[in-house]
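Per-chain numbering from 1; labels A, B, C and D assigned in written order.
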Amino acid sequence: MKKNSALFLAFCLGTGTLAFAQAIKDAKPNAGSPGYGLFLPGDITADLARIAINAAIQKAQEQGTLMNIAIVDAGGNLKAFSRMDGAFLASIDIAIKKAKTARGLNMPTSQLHDASVPGAELYGIEVTNNGLVIFGGGELLKNKDGIIIGAIGVSGSSVANDVAAAQAGAAAVLEAWR
Amino acid sequence: MKKNSALFLAFCLGTGTLAFAQAIKDAKPNAGSPGYGLFLPGDITADLARIAINAAIQKAQEQGTLMNIAIVDAGGNLKAFSRMDGAFLASIDIAIKKAKTARGLNMPTSQLHDASVPGAELYGIEVTNNGLVIFGGGELLKNKDGIIIGAIGVSGSSVANDVAAAQAGAAAVLEAWR
Amino acid sequence: MKKNSALFLAFCLGTGTLAFAQAIKDAKPNAGSPGYGLFLPGDITADLARIAINAAIQKAQEQGTLMNIAIVDAGGNLKAFSRMDGAFLASIDIAIKKAKTARGLNMPTSQLHDASVPGAELYGIEVTNNGLVIFGGGELLKNKDGIIIGAIGVSGSSVANDVAAAQAGAAAVLEAWR
Amino acid sequence: MKKNSALFLAFCLGTGTLAFAQAIKDAKPNAGSPGYGLFLPGDITADLARIAINAAIQKAQEQGTLMNIAIVDAGGNLKAFSRMDGAFLASIDIAIKKAKTARGLNMPTSQLHDASVPGAELYGIEVTNNGLVIFGGGELLKNKDGIIIGAIGVSGSSVANDVAAAQAGAAAVLEAWR
């Protein structure tokens, strides 16, 4: 597994439009570097995101289900997404929110249900953050050292199927480090 | 290029939770079918979306740029997304909005700039639709018959680079039909 | 029932404002064609949307109720809307969201209630997608082949009345194909 | 032209769920009355909204254009909407916002352009109200006494065409009072 090293090219040389535009135009990633932008060493790579999505899709195909799969990075920002042909449209948002929820609270979304029902401690938490998902299908993605590098959200079938597909994605990421 | 035919398996057999959950669990797409959900025959497939993204990434690599690439279907709904390592975080939303804008107005987003400057006809159009993007980088995706099947949005570098990468994605989709 | 065939007239002849404006001004749909824009063959037509709304209104008049009725197309985008005189203002949004929910999950919204109560599988799903509606009144619209071409959402009375009016709209669409 | 008289049936007899639900179930509009809800005498009726939409569509057909047409009432709330087959998806929101803008500022949206360019008095106003539209296509709807009863927004072609179609809708409403 290629591990990206951190690199930050200070490309914003000025504060005006011209300097900014020029900096972007001049941007030339070094050979072997992740590019002109900031890339956090503990973040999920595009390669790993693809591995996670493919593993989730493979699980869905075994299940005979149609899934939306979203990957967010360690910052909770969308990294990759794929919707299988015929998968629910409403699950686009649910998959993305599952991934953001998992990373936002550093736990699988399946752990949120009991805590958020009426009478429980976090009752109503789902309306924060522009919508959290409080049922299963969001799982953390970790590197070989157990450090969280992102999260995966899967939506498109029963919660059990969603969870299984998301876990398949997370397992594939772990596997990739070996 | 495999062209998916429309298929809808009526899986909603009842009205209660159990029936709903059971229906989803029982969903078994027929062999060779796109699944249990609705898939519009004139819509972009996941395979084509991947082809478009890969072509845009390849172009970005030739440019030495780092891009966010978003694909929406013919209904303007997110189909696939990929962010290259180190690409701008703000470009996640820009790439998605570029794709939605292109499909929403059935034209490349580059055509909106001159029309939306102060004094021009569509000045201010960008604040509608929860944000349209009025500079280049959103391109239509068409099938072999010239029918729009979706759109691609690319963001992460200069507009010229964004446009070139988006057009590479669109060209790859056209090529795939041959 | 007139069935529209897909047609796309490439009207974007240039890249500047003038070309854009000119292209739109020059747009002349062919006789018998749906126009210069993209029209998906599997999408609901304006004629069918009107038929659905009129049938829902007729049902509401039989009920002595006042309804908001929304129609979305197969992509989940608003196609038509009508609010009867005196109908609830809050039901504008509810009707639209009911239609979008039904299409987003390819099922009547009435099937979501039991699944989304505390303790059930999809508890909290209503906060996704900028708000889903998890009670009845959203129904799918299908063509003669059973393919989903859109959805109808009705809001303004008891759920039972809303459902009955929405189903009347859906039935009228089916009837129109005969 | 039937003029609706104001009627307000106090249907909310209590503050609890049961009373509310019961009130809705018991709602029986009087014969000839606009219903159980509040209907403002100075508001546009569904009949008039339909007349306005049909007139705008007829104008669009003469133009050879494809339009989205939205009608809001005197309170700025969506009353009716229709999207012609093949009309721009992004124009759904633009048409609705044009109507809301016209009623929100009690003037045609075409009057906002000059006031909102850089240097002008209302520069930036378009980002308020969740998005105003500051180009033509939104027109006021008035009754025979010149009182504003709503507004129409049309989007889908050049601004000149949009304006002409919106004005056709407004003229038809005036005509209907004769």
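Everything below uses one rule, namely that a contact is a pair of C-beta atoms (placed from the backbone, for glycine too) under 8 Å apart; a residue touches a chain by one contact, two chains touch by 3 or more.
Here the structure is a predicted model, which is why all the values come from computation and not from measurement.
The set of chains touching subunit C and also touching subunit D is given as B. For the touching copies subunit B and subunit D, the fraction of interface residue numbers used by both falls below half; the interface is of the different-residue type. Centroid distances built from C-alpha atoms place A farthest away from subunit C. Note on chain placement: the centre of subunit A and the centre of subunit B lie 19 Å apart, centres being C-alpha means. Chain centres here are Cα averages; for subunit A and subunit C they lie 32 Å apart.
If each chain is reduced to the centroid of its CA atoms, subunit A and subunit D end up 42 Å from each other. Shared interface positions of subunit D, i.e. residues touching 2 or more other chains, are given as 88-89, 158. Viewed as a network of touching protein chains, the structure does not reduce to a path, ring, star or complete graph.
Across the assembly, chains come into contact as A-B, A-C, B-C, B-D, C-D. Those residues of subunit A that touch subunit C in the complex are listed here as 88-91, 93-94, 97, 113, 116-118, 126-127, 131-135, 158-159.
Interface of subunit A with subunit B (complex): residues 4, 7, 21, 24-25, 27-29, 34-39, 43, 45-46, 49-50, 64-66, 73, 75, 77-89, 92, 157-158, 160-161.
For subunit C in complex with subunit A, the residues that touch the partner chain are 75-76, 100-101, 103-106, 118-119, 121-125, 127-130, 132.
Taken together, the subunit C residues at the contact with subunit B in this complex read 6, 8, 10, 12, 14-21, 37-38, 40-43, 73-77, 106-108, 110-112, 114-115, 120-121, 142, 146-148.
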